Structure formats: C-alpha cells, structure tokens
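Chain IDs A, B and C follow the sequence of writing; residue 1 opens each chain.
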C-alpha cells in the first residue's frame, strides 16, 4: 500500500513540532477526515528506523526520539537527574511488573513499610499514577505506570519490560503475601505506628 | 559524493536534540577529527528538502524546522501555557474530591473567599462544569469535574483519586498526628452514591 | 551430619556477618538482610536451605548484640520469628493440623518471598540499565509546539492537584490543633481555696459565721468564663466538703444567696 507522501509530511511535521508525545487521536484531528493515521505512523516508523532520530511509540503516544545507540555523541545534552533511592527503584520495578498493585502488596513484596518519599517521588516524576480501586474491603487504590514511564524507558508497552516473560513464567509475579505470618509485612508496622500514635495522644490527654 | 550514513545519523541526532541552532564548529567538535561537517549538512539538507521538517541555515547556524508550508496544520501557539494559580489549583482539587460541591462549600473548605474568576478559569480550561442545583434553600449551583478533566489527568474515573489517608500512607503528605477528616465534609464518594440514589428515588416519585 | 555441615558454614559466614553489620544502614529491613545472607550461600535460591539461613540470621543478630549494636525492633522480631520457624522445622512433625501451615510450608513461603524480592531487585537494575529519556535518548531540543483544541491552556498535572488538596487538608488539621486551653478553675483548686478561707473566718461556737458563696470567689474576675467556672467549681467543692461533714450549706429560697459555714468536729 502506498502512503500519500503529503500526509506523511504532515504527520511528521506535527510530531516534530509537538512538545510532548501525541496520541493517534491528537494527530487525527489535524488531518482530513478518514486519514489512516496508524498506517502513516507505521510507514514513518520504518522510514526513520535507521536515522539519527526515530519514531517511537509508548502506549498510545508517538514521538520522535534520538536513536539509543547515539548516546555517546549526545553526552553533553545529558540532563541532571535526581538519583533515585534503592527503595524508589525497587518500588518502581514492583509497580511496573506487578501492576496494578496496592501499597500493601508493594510492602509485602519488599518486606518493609513504604517510607515517605518513595511513591511520591515516582509520582512527581510522572512515572506512576493511581489506577482503579481494588474491589475488596477497604477498596485500596492500586498503582500503575504511566505512558511517561514507557516514554522515559523507551518501551512500547509494558510487555516489553526487560525480563517480563521470564518473571511471568517463574510464577514470581504472584503478588499475594508469601505467608501472612512472615514478619516485616506492612500490617505489623501499621499497627505499631498506630499504637505509638495512640500512646502519644493518650499521654497528651492525661 | 557519498556520505558516510553513520556520520549523517550523528549530525542529525545532534541537531535534533540541540536546544538552539548550532554552528558548524559546534557540530564538528562532537565528531571524529577531519569530518567534513559542511558536506554532511548539505547532504542532510537535500535529504529533508521535501519532508515535513527541513534543515535550515541562518548565517552560520543550522537547525531543523518544521516545513514553512505546513504552518496551518500546526497553528503555532500564540500563547504560552499558563500556570494555574494556587487558588485555582486548590479549587480544582476541592471540586475533584468533594463534587458535587457548591461555591460556598468550596470557600468553607479552603477557608478563604473564592473569587468568581477562579471557577471561570477552571470552566474555561474545560475541567469543571456546573452540576445540579442543590435542593436546599437558595438552590445553589453545584460544580463537578468534566470528562476532559479525567482525560487530561489520566484518570478513568474520579474514584481513582487517592484519598487523604492513602496519600499519607504513601508518603505523599507530610505525616502529622491526624484527625481523620475535616468536620463537616462528608466523604465525597458516599455523598455521590447518596445523590445518585436520591436522584433515582426522585425520578421514581415523579 | 547435616547439622555439622551447617555449623561449619555458620562459622565461615561470621566474617561476612560482621561486614553486614557495618552496613546495616544500607539494608531495607530484615528481609533484605536475609536475602543477602541467602545470596552468600551461593546456590540457586530455589535450592536454598532455609534452616541454614535461619542459623545465619540468628548468628547475625547475636553478633549485633555482642557488639552492642542498636537493632531496630523489626530485626529482633524477625529473629524471634525465625527461631520459632527453626523449632518447627526441627521438631518432629505434629499431627496434621489443617489450620496451621507446617514448618516446611512456612519455609517454602519464605523462600518464595526471597526469590521474588531478588527477582525484583534484578529487574529494577535491568530497567534502569535501559537508555533513558534525557540521559541517553533525547527529545527534540527546540519543539515549536502545536496548538490544539483538546490541549489544555493551563499547565497542571495530577500530582499538582493532589498536593494542593493535601495542603488544604493540612491547613484544616492545623487549625484544629490551635484550640487554646480554656482558662478554668479546677475542683482541686476550688476545694483548697474553700478550706483555707473557711479557716480564716471568725468562729461562732463550733461553727464559723455564715458567708455567701460569692465571698469565696477570687477577686477581680473579669473573664466571664472564668467567673462561671470558679462559681461552679466552688459550689461543687462546697457540696463535696458538706458531704464530708466539713461545712454546712444553706439557701433560703430559689435564686437566693447560697451560704456556707465551716464546721469543726
């Protein structure tokens, strides 16, 4: 199938000018009705496959990005990045691989309570966001990764996460508590914290 | 003359990522000694002549620019994106969490008077819209969030907004010995459900 | 035989434990320490000896106590739990109790927990080894920007909104903590004042002279709330002392003055 070169020009101009990755729908509204944007995007992806910048897809969003193998030459462009704590990196990995995942499940997998500044750093970075509430008592919020996360790590979908197939096959994606009695599960910590708080309040009252 | 494609890739990546137009010399220092940058730039200029973006030269500076003839589909933004004011941000947050909510209730929660302009801005942004009138004396208008709000903030439903206790638990809020809720602000979700039920009953009665 | 093997291994790992102890701050809790000890067994985690691991952890805690290192409660809790697990594993098997998992089942669950955490730590590294935007991969440096009817004119993201809401909530919490303590007269204070003042009143036989309740109140009470509380506390203290037989109370009619007089036994 040959793709109208004029439409290709338009799509690449739109993507080139955009500050943020664009959805197919955001591109569609600028083009004549009935334009097959997806087909054009696929053609453009092929066209730029071997160039210095390539057309990348993250979720439903498309953007031009420099080719990953040219990082050496672009060293000077490197932006300063906040060093993430190990806790934050692990938490991000858990959200990415186990999503949708509740905070309690994250704590279960890590074996420690989530400290301040873990999920909020990831949310501030725009990598994780709240997902649906789990339909269990307490309706806990789940956390999922965003399309910015995919864009940042150069992934088309979360199925492209490194090692995801292996992890799935190994049964280690089970996010249930391994066993309720293992210490270090969050419930214990919460109870402790609560007790400490209650005690503090009680001593204030007397 | 054939130009090394690898060098072309590098030059186009450098130009693509650059935050300002670059001189030949600025490009040269990033490439192997003796690279004929001018020749590469000329070749690239030819390559992109007919594309949606072109390599343009002004004086000794080079940059990629979207093709001039496509400006109408890009409609370059005349206005910079504006930062939402503190008052507007808080008002939006209250509408999101407490909807449907009247202006008096918003003021009550914020503890300060809310100018009419604040809600206007949010309406103009397309994030809030008027809801039903509250069935109390004066029949005040309530405010709710729009579909655009969900779209823009990447939520499927309003239920996905993390609750205050969840925020605290996630470290998103500074932890203080806490009172569970502000007095007089019923849980939005309960109220919503209630309203929905009432509406169902009301429509049955009519 | 097996026990000896484990003992030896435990001795060998003592040096390792000491270096672990020095780095305790770098650990994310007891599970993390366990995982590190497990890695030192240098076998596939699937084949790990939980019993040996338990010994190592208990040894680790012993060492910590010996050099008087302050251990967080969760490390000690884990030690206690592991000691329990060890006894379950070593003791002859009890009758099959359906309600309680067997020692082996608990051990397997712990091994699973460790494998899962190890895998996540590995994949976190793999993830961050990928080319990242702004580090190895770059967006266009000079985007012209496009306008769109669907794009918002205002910059705001979900995080901003949630933070704004959190601020409002915290303001509300703050103000609820700013309630000042009321200035009130306590019962103790009133009782003390009453008995002191009764002692100074002129005597008439076994009793003092009658005095009105108002006369016992502190002078110059301006604050209305304080006046009312002083009146109430004095009256209640008076009732209590009357019950104890220390004074008598008299009121000649509704809304008439209340008189008090001291009584000596």
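Going forward, a contact is a pair of C-beta atoms (placed from the backbone, for glycine too) under 8 Å apart; a residue touches a chain by one contact, two chains touch by 3 or more.
In this text the structure is predicted, and so the values were computed from the model without any measurement.
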{"item": "Middle chain, criterion being Cα centroid separation", "value": "A"}
{"item": "Most distant chain from subunit A by Cα centroid", "value": "C"}
{"item": "Centre distance in Å when subunit A and subunit C are each reduced to the mean of their C-alpha atoms", "value": "33"}
{"item": "Mean-CA-position distance for subunit B and subunit A (Å)", "value": "17"}
{"item": "Between subunit B and subunit C, centroid-to-centroid distance (C-alpha), Å", "value": "38"}
{"item": "Multi-partner residues of subunit C (at least 2 other chains)", "value": "138-141, 144-146, 150, 157-158, 162"}
{"item": "For subunit B, residues that touch 2 or more chains besides their own", "value": "13, 16-18, 64, 66, 74, 76, 154-155, 161-162, 172"}
{"item": "Residues of subunit B touching subunit C in the complex", "value": "13, 16-20, 63-66, 74-79, 81-84, 86, 88-90, 92-94, 96-97, 109-111, 121, 124-127, 148, 151-155, 161-162, 164, 167, 172-174, 176, 178-179, 182-183"}
{"item": "Subunit A-touching residues of subunit B, taken from the complex the two chains share", "value": "5, 8-14, 16-18, 30-31, 50-53, 64, 66-67, 70, 73-74, 76, 154-157, 159-163, 166, 169-172, 175, 177"}
{"item": "Partner subunit B, residues of subunit C touching it in the complex", "value": "138-142, 144-147, 150, 152-158, 160-173, 175-176"}
{"item": "Subunit A residues within the subunit B interface of the complex", "value": "5, 8-14, 16-17, 30-31, 50-53, 64, 66-67, 70, 73-74, 76-77, 103, 114-120, 123, 129-133, 140-141, 146-147, 197, 200-201"}
{"item": "In the complex, subunit C residues that touch subunit A", "value": "28-32, 73-74, 77-78, 81, 101, 105-106, 109-110, 112-113, 115-117, 119-141, 143-146, 148-151, 157-159, 162"}
